[in-house]
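Below is one structure, written out as structure tokens; the observations come after it.
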């Protein structure tokens, strides 16, 4: 039993991603979408926090949202996997429930 | 698998409704069922037929109306949220003594019970909001 | 019963600044008629929804905080509040209004609906749900 | 002193429009002029006359309409933002081939230039948004 | 010449108050309204930050928004002044410009 | 001229997630016709608005980033970008698109519109305005 968490806000502006990671269980997945994709940026101030807190979960980022924002996948933190909308649907199906951190 | 979708933000203002649309198309393409999309909070504003977006932008309402027509997705607009925000169908307009209505084809106004029912009858519920 | 699902309403936003707290409560009230297994979670700024002595006349907006006290009548009897969220905001349980319900399995004894739990326990509560609605 | 006000969020959804209303009333009571309130982004949704809030809640649109009538405040709704979101007056509805309009008395639809003009002609500009 | 800054978001959820305080000049005023009033709470995690960063400015909080949220003025950080809407208007008139930190 | 005011458009939000960035730009374009003294400020997540290589086909939303390059034609030639906001996000000026204008006072020489300034300088810019519009 595991949860897919979605985060759609920038961790540089709101607490949503941190709060999400604070409530994840081992084996959960976190998908960053919309402005949430900035949570995947390497080199930023939030990067070490996301890296440390995200150790027990699988981190994903929605590639179409990255492309829209001009973020190349080479800029992503190591270990984060890019998915498209089809991959988003697969993650929803694979996990037992979806929780949106709005 | 049956997937229900909840849309909580208004069109153009927030990407939530675009994300929901792209997600639903992908879910249908992958062979899943999306029996219903429920529009709540400012999400109800997606259903106005009076929207006139610029020529070079997507028409969010028309996209959803087409999707409903092609795939039989039930687009439900929450009546309580809709009344506050000025979204009415013909019946509601008459009942409330308003001289116009504005809901688009493919959307229907109903109660919050339809959201709970969607939660009960689907295998997954995915929320797009702010 | 096999068609009873566990529903959790997650409240992370303060009241009045936006409508989410109020419209969340409207879903809870309607949802209560469906005889599912319902609980509410309050964390982050959502804990501010439950504070005592809300007085909205000065802003011209309806005070909906008394409605929380009616939840027991709808058999909504579990309001989980995250201790760490309270502490970070300088609040204690005493700052929250008293919300009671009558326990039909215990001779209708009056019991508190608010259950202050730790962040780890909140994560456990979230992980055992069938449907999570976020506001 | 002349104070201009910009409202950027929609009714009921966000407190911004209530704050703006309370602020404008206080400014007028203190003897200041509020020549114009400009509604932008989702703020344009304040102007729909189709809103039917619950009996025990304030009626945001009616409050503004009354304020405009009593104090001559010019309530301007941005045309570009309004078109996207389905807010139309009679002229716009005809021009766009829409079968209904929904703007309330006391509001008028005009261009963004009215916002800039308000910034130029007032002594202070106060923004309420999200 | 001075600025009245308004902040309407909780500092426990967004960066708006911190960003505002980061851009204030000596003699500016910051008025916390709507969900922004939580920035005035004594005893919370943000209190020392607001206290330290707010040293060079005058801090105000809109009392009707406090009352709505059940925050008694005894809970405010020392040095923060409560105003009503009339006081809000006076602050707008007194300062040369108003800047909203949305 | 006495009726020329200093207008500053403050952009603190990322593009596409919400409409504020796009509708801010629409105000700037209209406002340019009023011959005021106009500048734009990008700080916090607003700096993300100016990144290179935005490609929105995958989300079905219009890419408005090329519009920033047209601002020079409207005599909008000062785009202040906060250095600390860039650094906090792991960005440098190289990550931003090149936006140029022709300086009519300098024989129409091509010059960059983006001016990366410190947080303290940004506070100074803000403090010298007549009208501040926030998005």
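Going in written order, the chains are labelled A, B, C, D, E and F, and every chain counts its residues from 1.
Keep this in mind: a residue touches a chain if its C-beta (ideal position, glycine included) is under 8 Å from a C-beta of that chain, and two chains touch if they have at least 3 such contacts.
Quick caveat, the model's predicted, so the values are computed rather than measured.
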Labels of chains that are neighbours to chain A and to chain C: B, E
Those chains which touch chain F and also touch chain A: B, E
Most remote chain, CA-based centroid, reference being chain F: C
Chain located farthest away, centre of chain B as origin (C-alpha): E
Contact-richer chain pair [B-F vs B-C]: B-C
Rounded Å distance between chain A and chain B, as computed from the means of their C-alpha atoms: 26
Between chain D and chain F, centroid-to-centroid distance (C-alpha), Å: 27
Multi-chain contact sites of chain E, meaning residues that touch two or more partners: 8, 12-13, 15, 34-35, 64-65, 84, 97-98, 100, 102
Residue numbers of chain B (touch at least two other chains): 12-13, 15, 19, 22, 41, 57, 80, 125, 127, 129-130
Residue numbers of chain C (touch at least two other chains): 16-19, 44, 59, 61, 130-132, 134
Every chain pair meeting the contact rule: A-B, A-C, A-E, A-F, B-C, B-D, B-F, C-D, C-E, D-E, D-F, E-F
For the chain D and chain C complex, residues of the former touching the latter: 12-15, 18-19, 21-22, 56-58, 130
List of chain C residues in touch with chain E within their complex: 13-18, 44-45, 48, 51-59, 61, 63, 65, 88-91, 95
Chain D residues touching chain B - in the complex, by the definition given at the top: 10-13, 41-42, 45, 48-54, 57, 61, 80, 83-88, 92-93, 96, 98, 100-102
Chain F - residues contacting chain B, complex: 16-19, 59-62
Parts of chain A lying in touch with chain C, wherever the complex brings them together: 1, 3, 15, 19, 22-25, 97-102
